[in-house]
Every structure is written in C-alpha cells, then in structure tokens.
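Alright, structures below, take your time with them.
The following pair of complexes shares a single chain, subunit A, combined with subunit B in the former and subunit C in the latter.
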Partner chain A sequence: MNKVIPRIALRNLSRQKKRNILLGGAIAFSIMIVTLVNGFTGAFIENVSENFAYLMAGHVFIQGSERTASGKKISAIRDDSIIFDAIANSGIKYKTATRSSEASATLVFEGKSTSQNLTGFDLENSGFLRERLVLKQGTWDAVKAPDALIISEKVAKKLNVLPGDRVTARLQTVTGQNNIADFTIAAISVDSSIIGSAMTYVNLSYLNEAIGLKPDEYTSLNLMLDDLKDSAPFADRLYTSMKGMGLQLFDRNQKNESGSTTPFQAMLQSQNKETWEGVKYRVYTIDDVLSQAKQIVIALDTASTVVLIVLFTIIMIGIANTFRMVMYERIKEIGTMRALGVQRGEIRSLFLYEALFLALGGALAGIILALLGMNILQLINFGMDSPAFLIMKNGHLSFSLPPLRAIGNIAIIAVLTLVSAFFPARAAAKMEPAEALRTLK
Partner chain B sequence: MAIIEIHDVKKNYPLGKVEVQAVKGVSFLIEKGDFISIAGPSGSGKTTILNMIGLIDKPTAGEVIIDGKATSGLSDKELTRFRHEVLGFIFQSFNLIPVLNVWENIEFPLLLGKTRITKEEKNSWIDWLMAEVGLTEWKTHKPNELSGGQRQRVAIARALVTKPQIVLADEPTANLDSATGEQIIELMKKINRELETTFIFSTHDAKIVEIADHIIRLRDGTVTENRRRGEDVAASATTVEE
Partner chain C sequence: MHPPIRSYGNSHKSRYTVLLLLLTLAFAIPLSGFAQTLSIPAAQKLVKELDDQSNFPGKDYTALFTIVSEKPGEKQTVTQVRTFRRDTKKQFTFLVMLPEVNKGQGLLREGDNIWFYDPTSRKFTHSSIKENLQDTEAKNSDFTASSLVDDYTVNAISEGTVGKYPVWVLDLKAKTNEVSYDRVKLYVRKDKAMMLKREDYSVNGRLMRTSLFPKYVELEGKLIASQILILDEINKGEKSQITLTEQSVEKLPDKVFTKAFIEQANS
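This part shows the complex of A and B:
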C-alpha cells in the first residue's frame, strides 16, 4: 500500500472540521472518563494495601499456631530464631520486622464499654506508626508508658475518655482463660477511615503479660518490604524456605470454596479442620487479607469498560452516518481516483484510514486530558485525617494508569471506529467509476 | 497499427422497465498519435463511448481493443491497472483532488501501482510538465486557489504524468470560456505533437471540433461521420462502410 492514500485520508479530516471535532471530541471524552476510572482503580488497590500495611506494620505476616494435647489451639510464636533463619536462607530482603500480638478485648470505662481488637507493638520504636497515625490528643511521649493505649477518636467518644483516663480491658489469654488488664489512655488518634478507626494500639510486652505470653513471645511477625509488589513472591519463597527447614505450614493456596471469603479466611477455615502436633505456621500477605478490595477494582474496571462500550455505541452511529455522508459528498472524487488507477481496496482503505486517524486523534486527546486531570486532582491535599484516607496516598488522590489498559482502550475505540466506517467504505469501494463520475456535484 | 479498435460496440442502460440504447453498434479505429474529436449533440453517446474506451464502463456488446489487447474479459483489478498504465483522463469539471496542491495533484498517479522511476527523474519530469502547462509559479497552490483554465492545465499535466499512450478528455472545455477553451485544446495539440500521445476529446463546440485532425461525429448512438481533416465528407462515408 502506498503512502499517498493515508496522506489524503489525514488531510481529508480537515475538510469537515466542525463535524470531525465533534466526533473526535466525543471519542476523547469517553476515553478520558474511562482512563480516569482506570487510573483511579489502578492506584486504588495499591493505596489501600500500602495504607493497610502501615496500620498493620507489614506486607507479609507469619503466625504460629500451637496445638496442645487437649486439642486447644494457641496462637503464638515462642521462638522466632528459626523463622529468621528461614528468611536468611531464602536470601530475600525486607525493610523492617515487627513483632506484634493481637487480642480482642472489651474496654470498660465508667459503665461504658466497647469491643476492640488490641494490637500490641513496641510502640516506642515503631516509626511507621508515628508516620501514619495523626494524634488528636495526647503525645507520643505519653505513649512510652508501659500501659499506654492509643485509641481512635470514635472509640474515645464512645467511652467518653480523655488522655490520662484509665480503662479496664476484659480479655482472654491465649489458652482461653478470662483475664483483666488496666490501661492508661496515652493518645487519641484521628479517625482515618473505618478500618483505621478500628485500630487500637498498646505496648507489646504489657499485652503479652495480659494474654499469658512471655515478654519475648508474640502472635505475629510482620515484615515490611521495600515494595508492596514483592509481597506474593516474598511469601512464596519464605514458605518454601520454611518448609525446607522442616517447619509445619498451612497451605498458602487454599482455594476459596464459598466464593465470598478472602484467601486469608479460606486459610483460617481450613486450619480449623486440620489436626497437627506442635507448632504450625501460616504465611500470608496483605493481598490475601484485602482480596475484597481487588474485587472492587475488578468491578470498577468492568463498569468502566461497559461505559466505554455504551458511549461508543452511540458514537459509532454518528461515525457511520458521517462516513455515509462523506461518501456521497466525495462520489466524484472517488470516480476520479478510480479512473486514474486507484484500486477498489485503496478506496476502502482511504475511508478506513480517515476513520482510524479520527479515532486515534480523539483517543490520544482523551488520554492527554485524562493525564492532565489526574495531575490536577493529585495536587489536592485531603489530609491524612480524611475519611477516604485508605484509598489515598499520603492524603492525596493518586492514579496509576496501567499502560496495557490505556492501549487496550485505544484499541477498542480504533476497532469500533473501523467497524462503523467499514460499511460506508465498502460501499464507496464498490461504486462503478463511470457511475460515480456521472453524478452532478 | 490502430491503437484503439472499436468493434460493433453497443451500450444499453436500464431506465426503469425499458432500456435506453445509448450506443447502437459503433465501429471505428484510432491511430497512434491521433488528435481526435468526438462530436455530436447532447445525448448522442459521446460520454458513453469515451467511458468505454477509458475502461471505466463496459459495453453491453462488442469489443474494445486497446493497444492490441481485447479488454472485455478483464477483471476490475486488471482494468484499473490498465487504465493506470495506458490511459490518461481529463474531465469537464477538472476533478482535481482538493486536499492536494498543484504539484501533488500532478504527482498523484505516479504514486499508484508500481512505479520504476527514481525520485530525481520524477521531480524533473513533473517540473517539465508544470512548465509545459505554464504553472511553475503555482506549484504549492491548492486547486481552489486556481482559475478554471489553470485547473484544467493541472489536469492535463496529471493526465500526462504516467506517460500514457492515450489521453481521454470528455468535454474538457465545457466549463471554460471559449478563448480559454481554445487555449486548452491548443495546449493539448502541442503536447500531442511533442509527445505523440493520442488525444481523444469530446465536444459540441463546432469551433473546437475543427482543431482536431480526425473527427468522429455521433448522432443517436451511431457514427454519422468519420473523417481526417482535409478529407471530404463523401470520402469519409466510404471509410465508415469499409
């Protein structure tokens, strides 16, 4: 195919400027909307996971489960040297390793009570918490007290407490005995999303004592990596490495039978059915816990593709009509070209190229507009205390456009445009040259 | 040898339920290098015959032989290639491609099909043609910036650019004033002599008919006169019967 056909096609686009700007604009608009949605969902899962990772102090988690002779299960890691050996053996790097214990407790203050999940950290040395948690009342200094408790604004309101107040926690030890522990409110954190407000932080050693663990024991080892994306491969390698050292492990790839549970829940379910002796470990990632967020992303992406197709069906009708009109307007030109030696197929290409250039021009403009829009939206600071904190990056909306999505969207637009221009193009190609030249225009 | 042979060519057009007999069995020969006028009143079949010689329309019956090649069995693709290689076209309403400038319009046919000439050859040939038709100054102008006469000059250069053996022109002067029309025919004649290209043009302008070396006159789809300039009408009548 020679180059003169696409060249004429490109120049033909400038002949009906208004019409083509309208059509190109419609294409640009639909691509822009879809690209914005794709960009948002592209960053969504990453932001949610990253924010969660900070709240939970890790990307990859290791927990131990002991089965006693009586069949009781105790969640505890009593000796982590073998785990660190396994990490070293696997040769993989991590940023920080944080030991934490978890316990569900009922907090009581002056007749008011609320159920909370207590997370025990070495609060004094947990930099990530200081980075992400915005204190509304109280100080990080007060957090140094062994019985310190950081609760969210919402919980503080519920209990009607202020920093310095002492609350009582009713909880169970790892072996299932009821126990009581007193805490002092050290700080009240700003509510930064539903999940963020559910987090209650205490000191690890103090919590351990309350739940019957020794000071150097804990329930979960949380590994923060350099990059969220490394979570799954890291977990897989760690799993293999631990298995290689003869440790018992729960299967990492539990199939999710009910369809509604996360891989993490599936893991817990299967664990309930199993019997074992000694300690059995589970390794899981933030993604396993948050797979529901992924489903939201898939839903949003599917919806945006449907929107693209619906918008485009409407545009297609416009394109088909325009090209039918264009064909009649240029009948004589078609006849002339045919007489001069242009083949039928080249006439068809002439129209298809014109349609393709229109689609690509519109799509490109749409993507540029979307990128501009993203950059502007990213500038807005919603603050770390925004209720939408979890889906944002440091309090800013963030977008990440997977290049394949963008290319895919352009391809959809291009294909649909070609389909809608195809029939007018074929009609133009089919015309007999003498017939075309006879028209009075 | 005749470059064009028309053998008992008929052309019927369907018109509703009846058929219009636009050309009713016409035969004639055209010699290489001829400068021919096809004359006749409106509706006599001039365009129909030119279209069949130009291979953009097919006879209902009969045979059109061009350069020794019978054309009735050729496919659309072959006909298109044949047109490109052997024929040039000039139209009544110029029919330039509006988005191409003068130079590009002239170049256009060279970009189709297979061309075996170098860029330098091509450029100097187009420049020569532009000078020949007197448009060197207008190289980069678009067709809508030219007068009718200028446009038809571009069309002439375009028709010649592939060095065709035959150039067909259906009423090339009908959209021009008579003085400009005569200049256009004179230009065609000059090129006819210089390049020995066969020119066939139709017209119903008596003055222009007389510039031709060879006149074929039509009426109601039949040839009523076929003579070379200088021959008398009686002599031509015997030519037809031969």
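This part shows the complex of A and C:
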C-alpha cells in the first residue's frame, strides 16, 4: 500500500488550517449533538425503569387471578409458598421480595375529592421507599400508624390536607363491592413526576382489610433484582419453573393485536377472554409495563438521526464546495504530480484521504466534546425532588452511549464526507497533466 | 239488700258496654298489629314488585337521562345519556349526548362484557357496570334492569315515613360479595309498590349514597321514576339530579345493541 498519499493528504490538511478547522468544527458539532442525544436516550429507558422499579418496589412482578363462579376476576395471592418454591427451584436470585396490594380510590376531604392509586406496603420496613421518597412534611415515624397514608405534595394541595388530617377513601373490594376507609395523613412527599405524584402509599394490612383481603394476603409479589437487565431472563426462568410445578399461568408473549399498547395490557386483555378454575398467575417485568417508554426512546433516536442528516446535508454542501475550491487551487500542483508519474487513482485517493481524515478528526473531536459535556452535565445535582426525577439517576442526569452507536455515527459521517469529496476528487483525477500545468487559474 | 231493678238493669248495660269494648279491642289490636307488620316473604315479594316496575321483559326500553351534577366548589355539569335496553337478553346501549366534549362515547353490554367506546381513539375497551357514569354520582348499574331480588335478601323490616308518606323500610343484605353495595335500605310506600328513597351502604356498614325518587310516571301500567336525586354521603354537597324523559317501550332494531351502532352514531 502506498503510504505516501495518506501522508501528503495529512500535510495538505495542515496547509489550510483555518478552513479545515472550521469544516472539522462543523463536523465535530453535529457529532457532539447527536452523541449527547444518543447518550441521553441510552440512559433514559434504564433510568425510567429503575426509578419505576423503586416506586413499584420490584423489577419482576407476580400476580394471582381467581375466577369466581359468576366469571368475575379477583386479583389475589392467598398462599405464596408455592411461588417461593418455584423461585427456589429455578435457582435464580433476587435482592428483595415485597408483598403489596393495590386499589383505585377516591380520596375525600372536606368537600374536595381526587382519584388516587393506593399502594399498600409494609411501610415501616420498606427501605426502597425511604431511599426514593423525599418527605416534605411529616415523618417516617408517623407511618408506623396502621392507617398511615403518604400522599404527594400535589395531591395534598388539591385536597388541602396537612399531616394529621383524616381523609376518607372510597374504594372497591377485590370482588367489586363499594367500601370506605379512613386514613390519617402521615407524610407529604415531594412530587417526583406526574406518575410519581399519582402514587399514594398506605399500610398493607390496613388496605387489605378495606379491599376484603386477609392480613397475610396481597395482590402482587414484587421482586427486586440486582440488575434491571436481568428482569426478562429472570421472568422467563420463573415462568418456566412455575409452569413446571403445574401452576396455571397467563402467556408471557401476548401479541398486541387487541390494540393494547404494552405487553402487560395485552396480558390483562387476554384474561378477559380466558376461563380457568383456581388461581392463574401473571409474571411480568417492569419493561412489559413501560414499553411505551421505549417508544419515546425510539422517537428521540429517530429525531437525533434526522438532526444528524439535516446538519450533515448542510455540511456536505460545504465540504463539496471546499474540495472543489481546493481542486482549483491545486491545479498546477496536480499537473506537476501527474507529470512526475502520480496516477489518476492516486490523485483521487489523495482528495478522498483528505476528506476522510477531516471527517475522522472532526468526529473524534465531537465524541470527545460530547463525553466531556456528559461528564459535566452528570455533575449537576438536580435533586431528588426534580420534576424530571423519573428520567434521572439519583437526581443527576445520566448518559449511556453504546459503543456501536458511536462507531455507527462516525461511519455515517465518514461515508457522507467521502461522498461529498468524491466528485471534486474525480474531477481532479481526470485532469490532463499538460493542461493542468498550462492553466492560469 | 238487693239492688234496685233499674240499678241492676244499669249494671247489665254497663257489662254489655265493657264486653263490647273488650270484643272491639280483642279484634282491633290484632288487626292493627297485622296492618303494621310485613313478613319477610311479603317483603321479598315487594322487592320483586319493585324490580318488575322498572323492568320490561319481552320489550325494549328507551329513555333520555339528563343528569345535573353538583360538586362543592365546582361548576354544575350537565350530562345527557340516551339509553336503550333489552332486558330479556340483558342487553343495553348507552350513548353520551352531553357534555359536548364526551359526545359520542358509548357503553354496550354484549353478554357478560361491558364495552366502553371512545370516539377519539375509535376503540372499545372493557368497562364495568359498577363504574360511575361520566363524572356523576350515578353508576352505570342505575340505568340497567333492576335485579334487587336476585342480589339481595330482606334482612329486617321496619316502618318509617318519607315526607308525608308512611313507608316500609326494607333492610337488604347482599347474597354474594360481588354486588356493588353490601347493604341497601329501601323506603317503599305502604299503599303501593313505589320506592321513595334508597340508601346504599359500604361493606363496613357506612352510608355511602342516598337516592330519592320524588317523581314517577306511568308507562305501560308500570310506575317508573322520572326524577332521581342522588346524594353522596361521603363527600357532602356532591349530588346528581337525574331526569328521565322520552321514555318508551317501542321495539328497537337489533342493530342498536351492536358495536357498529355506537360507531355509526359517531359518523
């Protein structure tokens, strides 16, 4: 391989420093923007899932569904020993197992009312809630009361309640009967997000009594794993293990034919069509619930690619024009090189090498700038009470750039630059040496 | 000394008077007692009569419900729903006419499934008969065929008055734990099977909702409530007044009870 041509190309780049720095800067800027967006979207789904996992106290969830003689479906796990046997048999490990019950309720206080989703946990011993929920008013000691309720700031404002106030909840039992329960506001939490503010936490046994379950029964077993990425394989192995033990299970691979937007919704809809006796279990992951978040990521990624293309269309025009100008500037030089025996292909390669080095240099600078930007942005602490809490990691913006994505962006830039420079390079290569030497341009 | 004859005669007369009085009391007390009690089977029959009053087996029933809802600190809202019922097949179709923002929404019962139609997404999703109709105090079940006798047993009977009317107070207990309200109290006029008031209680025995039925109309020989006032007993001040108009038992085409009908109503 002829190493002289790349060396000349490198030397040529340093001849017009200002022009090439501007061109390389444009390339670096576009790569930096796209890399920042890619880095953000790369961490987006992971942050949203992880934050949700904490709010919902698990990465993998198991729910039991019973069908009554009249065809009504009741959500309840009355005996979980067989589930824990299945987990033990599968050999998989989890960090924590949390029992929870849920109910939709209308909270009423002095003429004001609002709909909330009540989640019942063992509040006193729920470490994950203490880690993630920032209390604005009230104390964690107050949640020891059986009728304690932790409400978000926004909902507290809507109801005009303060810690110590008694609110009435209108809810339904698991069999669909209307019931009433009184709660005492134990604490008011800082709004973490639109979804986070919709979560209201109460004590499991108290909620169970209100929804017609026994104190040791519940509606969902939430398993927290060491790593979010293990969720799907964990759920698959648990599903197989439970199936192997003869338990009835809803198919984990429901298709979204019914127009449902998430695999979890598809699973719920399939329940309406099926008939069974006894308990049938659902095993699903946080990703099954949050698949819509992935659509946001796809949309952001698509937008960043469009931005890259638009930016680069502009830059390509600039590169094509610059190289055409370079070609005219170097006509005599090309003529001399050709007269000295440099072949047409080598002249073309010289131009293309120049373009390639320019693209690679710009792209590399762009990636470095993006990485620097990411590190600086990651240092800013937005706090756990930030409205964008759900997309952050412990109150900090976080970025995750898949290496293949970065390499792909560099490759796109390199190819587009080569395409832009190809036509001026071909024109330069086609020049007759004598004619080039004669030209006065 | 013997008493004078007159005096004897007088004594005889007063004995007759006492005897007559005793006889009157002997008959009057049990009779009055009979009139003031209602046996459980008779009460159960009365509940069945109430169901029959609002159900139209073998016929179709159409009505326009106008619901005016009030919530403390909020503006009054008006909801209008046209209902179509075919009680024999347990079918119904509801079409929301007002408010304008919800116009076109529909509810359909197909067998055991209740479907809610959203004209914006043009999709049907599963719903429940136990849910509230729009943002009112009324539940979907308030507009369907009544099935009190199937769902409840009479637990206790007492007397009372609603306004100027003496009523039987029938305390009903749900037969299963799948009925919306575990306990219901019906205030039924003594002189005819006409419910004037209904109280719905939670599983833990707290009064949740009171419904008053001040106006009735006669349709096909049956007494149908034409005005209902529903009071929320948990959030005091929250209430809905329902007015029923355009009630009819004319035969409806079968297509009325299909998804296509609700979709076409929006096209």
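Please note the rule applied: the second predicted complex is superposed on the first by the 436 of 441 C-alpha atoms of A that agree within 3 Å, B and C clash if a C-alpha of one lies under 4 Å from a C-alpha of the other, contacts with A are read in each partner's own complex, and residues count from 1 in each chain.
Everything below uses one rule, namely that a contact is a pair of C-beta atoms (placed from the backbone, for glycine too) under 8 Å apart; a residue touches a chain by one contact, two chains touch by 3 or more.
Nothing here was measured: the structure is a model prediction, and the numbers come from that model.
**Student:** Quick check on the superposition: with subunit A as the shared anchor, is it clash or fit for subunit B versus subunit C?
**Tutor:** These partners fit in the superposed model.
**Student:** Please state, to the nearest 10 degrees, the angle that the Cα centres of subunit B and subunit C subtend at the Cα centre of subunit A after superposition.
**Tutor:** About 150 degrees between subunit B and subunit C, seen from subunit A.
**Student:** Looking at the overlay, what does A:4 touch: subunit B (first), subunit C (second), both, or neither?
**Tutor:** first
**Student:** In the superposed arrangement, does A:179 touch subunit B (first), subunit C (second), both or neither?
**Tutor:** second
**Student:** Quick one: is A:96 in contact with subunit B, with subunit C, with both, or with neither? Answer first, second, both or neither.
**Tutor:** A:96 contacts neither subunit B nor subunit C.
**Student:** Just to be sure I read the superposition right, which of the two partners does A:341 touch: subunit B = first, subunit C = second, or both, or neither?
**Tutor:** Touch partner of A:341: subunit B, not subunit C.
**Student:** Upon superposition of the two complexes, what minimum C-alpha distance (Å) separates subunit B from subunit C?
**Tutor:** Closest C-alpha pair between subunit B and subunit C: 67 Å.
**Student:** Residues of subunit B touching subunit A in their complex?
**Tutor:** Subunit B residues touching subunit A: 47, 51, 54, 56-57, 76-77, 80-81, 83-85, 89, 91, 93, 95, 97-100, 108-109, 111-113, 158, 162.
**Student:** Of all residues in subunit C, which touch subunit A in the complex?
**Tutor:** Contact set of subunit C toward subunit A: 71-73, 112-113, 123, 126, 128, 130, 174, 176-182, 200, 202-204, 206, 208, 234-238.
**Student:** Provide the residue numbers of subunit A that touch subunit B in the complex, in ascending order.
**Tutor:** Per the stated touch rule, the residues are 2-4, 8, 11-12, 14-15, 332-333, 335-344, 346, 432-434, 437-438.
**Student:** Can you list the residues on subunit A that touch subunit C in the complex?
**Tutor:** 68, 70-72, 108, 111-113, 168, 170, 172-173, 175-181, 210, 212, 259, 269, 272
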